[in-house]
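The structure appears right after this line, and notes come after that.
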Amino acid sequence: MSRNGRGRGAWRLGMLIAVGALAVAVAATAGQARKGQGGYTLGLSNTLVGNGWREGQLCAFKAQALASGKVDSLRIAHRATDTAGQISDIRAMISAGVDAIIINPSSPTALKPVAAQARARDIQVVFIDQYVSAPGVYNASNDQVAYGRLGAIWLFKKLGGKGNVVEMRGIAGVPADTDRHKGFQQALKAYPNIKVVKSVFTGWQFAPGAKQMLDILNSGTQVDGVWTSGIDYTVVDAFKTAGKPYVPVVGADNYGFVRQLKSRFPTFQGAAVTNPSSIGGVGAAQAIRLLDGQKAPKWIKLSPDVWTWPQDKASINKYARAGAPADASAQLQIPPWTTYTLKQYAACKGP
Amino acid sequence: MTSATVTAHEYRGVPAWRRNLRLHGWTIGVWLVLLAMVPYWRSLSQQSFEFDIQALAIDALPLCFAAMAQAVVVISGGIDLSVGSLMGLMNVISAKHMIGMSFREAILFSLVILLLSALAGGFTGLVITFTRIPDIVVTLGMLFVWYGVGLWVMEIPGGGAPQQFYDLALGSIGSTQVPGAMVIVFAALVVLWLPIRWLRPGLSIYAVGSNRNAAYLSGIGVARTRVGAYMLGGVFAGLAGLALTATAGIGDPNSGSIYTLNSVAAVVLGGVSLLGGVGGLIGPIAAAYILTLSKTILLIRGTDPNYAAVYQGILIILVVVIGGLLSRKTHR
Amino acid sequence: MSGDETPLLAARDIAKQYGSVLALRSADLSISAGEIHALLGANGAGKSTLVKALSGVIRPDAGTITVSGTSVRPSSPRQAARLGLSPVFQDPALVPDLSVAHNLRLTGTSVEAVRANLASMGLQLDLRELVDDVPLPMLRMLDLARALAQDPQLLILDEITAALPSDLAERVFTVMRDWRERGRSVLFITHRLREVINTCDRATILRDGVNVATVVPQEGGEAEIVEIMLGPEAARAEERAAELTEQEAPVRAPVATATEAEVVLEADDLHLGSVRGISFALHPGEILGIAALEGQGQDELFEALAGQRKPERGEIRLRGKPLRARHPFDAIRRGMVLPGARCDVSRAGTSRRSRSPAGSHRVSRYSSATTPLEASTWARSGRCTVSFASWPRMGQRSSSSAPS
Amino acid sequence: MTAAPETVERESRLRALQRFLTDNPVVILVLVLVALFVVTEVVNRHQVGEPFVTWNQISTTLLVAAPLGMIAGGQTLVMLTGGVDLSVAYTATAAAFAISWQGTNGTLEGILAGLLVGVVIGLANGVGVGVFRVNPLVMTLGTSSVIFGLLSIYAGQAFEKRIPDVVTTLGRERFHTYLPANTLLWAAVAAVLVLGLSYTGYGRMLFAVGDNPLASRLAGVRVWQVLVAVYVLCGVLAALGGLLLVGFTNNPDLSLATSYLLPSVAAVVIGGTSILGGWGGYGGTILGVLILTVLGSLLTLLDAEEWERQVIYGSIIIVLTAIYARATRSD
């Protein structure tokens, strides 16, 4: 059988090409000049796109970089990907020679090795939104356990410690969801007469969340209060669609929800637990401070506020702008860290 | 030799170079494109060659295997929309159990994973051949099923594997600069694919994809071959899942989802015809590297990497359009 | 020939039903060792179904098959080959995207034997060639060479000569005779009675799924065989038709010459694919027949006439004006209709389904559906009002015999 | 000289039933839908002691199903031609964004902009598939990648949005308590699709093209025009789906319609339209949409874990298609 020449030929060809690729690549390795100290280059890595919160985080990051006046250019990896993809993005940023990387981590543990690689090259690393513990890195995050707990406590108190509650979670398996659920459970322990009649995952999507609420309401289940992981204003609307009286709802500081708090009072009452997406700006500010050689806290931990109408009229009025997208986070400024103007934020343009 | 009136059908045949161009031209072209990208990439990068080539090899590892998994199935005339969720499932199973293991146990367990994923792929193939529902529908259903099972195995990302297991993918071979991740890909190609590629099982896969009827009349067990192709695809998906565990370091039930469509893209760019029977695995590997590298290049340049999605979409369409025009021209 | 010894192959009461169509009612076939046996019958008589049952492509609903006295149930072509039954089907069983050598390896055939067989037929072929590149007659011969290489007891040839030029067909007959001399048998299916009378020892004739007779062809002659094949009445009708044409032919010829100035359709030096310089003229009231073996360019010619493909050179004129159709639509608008009969261009393989048996099944259904009348009605009205009267209703599925 | 094929005189009862189902595949789906309603009713009575099947619930089911019904409508047309459109979700999302951006200029502008987006994307798909013969899977995968990229780049930038009141009314209001506005629009579209597919030349050409493009072409059908038109229609229907969705949520976001992509394919497949093209229809798809919607409600009521939901969802696609294929296979 002398007829397998084609197969061997193809294989030989493949090997040749592979070896050739390596050779050319080696030859192309030019000198690596470390870039000058003209200005900083910041990187942002984010793996979840498509919701207003993450878009707000990106805009805050860009606006803060611009407002600081110390940043020359940005490398932004704001795309839907998984942990492996995020690691790959971070490596690409290392190759691009950034001075600091701000990371919204997709996993609390998996990014440690690549963070160490960055630190070994003297690149500052700041994790935002979710806490990551690793040597030499900085954190800026909202306290998600507290987020779950504070909102739940408000709700349970509002119900007088007794009644049927629906828990509307986010995406199964995402750390923030797990942490919030943990907080919710902590609060639940103190209120034995609160019954969780339904616990559903909304996937952090507004339309399916509303559908689930409609189903629950139509099933005839007695619902006295709803805790949501931020899928809030469509849930409130679901009561209206179903023709049922409003019950207290806990949501996030989304514009849509905040506007409802204000405009539908007193028939509808709820609480917005702040989870500012401006954390992106905080991360940028923290990184710039580190690059400037100043000291910065290892962990900027933001405790959520609970806004209710009319008690927190001032905050709500400050942020509840009419034209803003309903799913964007309302709390735009986190003093003293963010220094951008609202206009810079709205423009969503970096340096 | 009776050469009385034969002249009319003394068939001259197609010149060898044209045949080879048709068979291997695309693969060579894809590798040349990859080669052409390398100098540009290096000129942008601020890091050493070792770091960059390592990074590329590691980043592309899961996609390489996903593309190989998809390629085998597509060559057999099917399409597997469940590649991503199957690799996600294997990712969580491995990460859940390997975390406390020694290196030796982890390697043995990897074999169990490959067996499991082969069975899972075989199951998909069996459902397809048994019910005679089109591949795309069954694998669409299996996409949900494997994802669901993955969530059941591990709801929250976590787990891990022994450090030496990570080092298999993250390290280099000995003291050379050859990245382990790249060696693994080619080793899998050599061990799993090439031995069967030119023997009856491999040829059967091509035959079934090329013309199912002719293959059946040639005496090939069509159903058996298709199930076999899905099993082999399953093995590669299992490797992709293990690659995710090694490169991401954890198990994540959601991690596989982006690989299904990317694997289709890599297969198309790699010269495998979606009609089946044409192409190989070497082309899709190059395509996987190209897709990974183009994203990296955009990011290093400071372009919004979402343009990568735009460019990738346009590129896939253009490649198929041009490929279609070329094949139409050379075909007659 | 036949004698009392156990026949090499005996099939009894074979029946097969597809959906509601009874393809074979009860067919018997007995082939002795060392004979060339013809299987005859009109279209739809069940010849192909019987061949498929013998070669394991389909499983008959009823009946028994014995090979040298042992009862067998071939369930796949492969198993049939093991029993010593090697078929050469109407469509070559060669995979288009693989090379010839790989096709041989796929079936576990010895390359040397195939090459020797080809050489003995005076043919040469580079086995690295892709099957897709090899012309159809050559593929038939290759398929035959491959079947011979398996050294079968019974060689089954299903209309192998239909697509072969006469010299190649001659070589096939030589092979058949050689095979008989070696004491092996051949089952030969063809439409050409001349070939049967010249070559075959016995012939079994099928009609409507039942075998009606087994004859010795040399003794009966064509007329008798036709009568058995079609039944007495149909055969007489056929005869009358033949007489009529003969009578009318001389009458019609002058008509054509008289209106020579008026040409409806004219092809002038057409070049396209294997069509090399075809010219003809068609006059009003005339029926022009085009005779060719399978794959000799008639497909391309019809495609050009239908506006499906553009000729490389030459011109088609309709009533004197050139037809520059870029689409069948243009041709239909000008009053030229190709009633979809040639749409199963299986080797062109434009879509996955046109390659699969299920696809070709459906193709044949549509061929009859798109009648010239409908199409021309549509063309005249110029709007999309064509009524595909026999398109299946929604939700209706065709039976698919595709191996999964 | 053709011998007439013999037809079988006597049919067994089973075969007769099979034949009936073959001609009326919709019957199976109706049975499944009714069964689902019954199971949900039983579950709900057991759990809460209240009936589930109320006018209110039926009305809500329709309200929730309408956007999917729109998107799956386009998907049905495309799948009848043997294609598949994976860009419907992002087309719907893009249309929603267009409506909310142009909504600041006026109601009509907003709606027209949304539909225009659908037309443009559909045109791109149609030209790719019909003229350049790109595999539909690859083509629509490519365009959806492009749309998604462009949306991610530009969606974050535009800050001022306004959803026209007509759109929100269409999206979530009900007339006479039980009649959702979006269902009226859906019913109108459904009537056009069902009647159009069976009674117009274009409808029949769709089946013809899906069944055998080459034969259709030889019969004088300009296949590429049919394909372009079908993808444009699909784009417009997806845009209408986006319109209803954005009316329902009152705010566009990038993931607005992503959860409708695979269900749109699933609904069509469950509805008995062949993914290979050539047979099926919108009637089945409507039932498929309703089945998926009721199934979702049932799983919510059952407090199903996310993994159970996914596994059941996947299994039902396979099992229903298998049952369907088995029942309608004539041999």
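So that you can tell them apart, the chains are marked A, B, C and D in the order they are listed, and the count of residues begins at 1 in each.
Going forward, contacts are C-beta pairs under 8 Å (C-beta built on N, C-alpha and C of every residue); 3 or more make two chains touch, one makes a residue touch a chain.
Note that the coordinates shown come from a computational prediction; the quantities given were computed from them, not determined experimentally.
*Asks:* Quick one: which chain's Cα centre is the longest way from subunit C's?
*Replies:* A
*Asks:* Count the C-beta contact pairs for C-D and for A-D, then tell me which is higher.
*Replies:* Output for the comparison: C-D.
*Asks:* Cα centroid separation between subunit C and subunit D, in whole Å?
*Replies:* Centres of subunit C and subunit D (C-alpha means) sit 43 Å apart.
*Asks:* Roughly how far is subunit A from subunit B, centre to centre by C-alpha average, rounded to an integer in Å?
*Replies:* 32
*Asks:* If you average the Cα atoms of subunit B and of subunit C to get two centres, how far apart are those centres in Å?
*Replies:* Measuring from centre to centre gives 41 Å for this pair.
*Asks:* Any chance you could list the residues of subunit D touching two or more other chains?
*Replies:* 152, 274, 276, 306, 329
*Asks:* Pull out every residue in subunit B that's touching 2 or more other chains.
*Replies:* Residue numbers touching two or more other chains: 23, 132, 151, 155, 198, 304, 306, 308-309.
*Asks:* Which parts of subunit C, given as residue numbers and ranges, touch two or more other chains?
*Replies:* Subunit C, residues with two or more chain partners: 102, 105, 128, 400.
*Asks:* Which part of subunit C faces subunit D closely enough to touch in the complex?
*Replies:* On the subunit C side, the touching residues are 17-23, 25, 42-45, 207-209, 230, 234, 238, 306, 308, 327-329, 331-333, 337-338, 340, 342-343, 345, 350-351, 353-354, 359, 362-363, 366-367, 370, 375, 378-379, 383-388, 391-401.
*Asks:* Help me check something: in the complex, which residues belonging to subunit D touch subunit B?
*Replies:* Interface residues on subunit D, with respect to subunit B: 84, 128, 132-135, 137-139, 141-146, 148-150, 152-153, 262, 265-266, 269, 274-276, 305-318, 321-322, 325-326, 329.
*Asks:* Going by the contact rule set out above, which residues of subunit B touch subunit D in the complex?
*Replies:* Subunit B residues touching subunit D: 79, 127, 131-134, 136-138, 140-152, 155, 261, 264-265, 268, 274, 304, 306-314, 316-317, 320-321, 324-325.
*Asks:* In the complex formed with subunit B, which residues of subunit A make contact?
*Replies:* For this pair, the touching residues of subunit A are 4, 6-7, 9-11, 13-14, 17-18, 20-22, 24-26, 28-30, 32-35, 49, 73-85, 87-89, 91-97, 106-107, 109-110, 112-113, 121, 171-175, 178.
*Asks:* Under the definition above, what is the set of subunit B residues touching subunit C in their complex?
*Replies:* It comes out as residues 1-6, 8-11, 13-14, 16, 19, 22-23, 77, 128-130, 132, 198-200, 203-204, 206-207, 209-223, 226, 275-278, 332.
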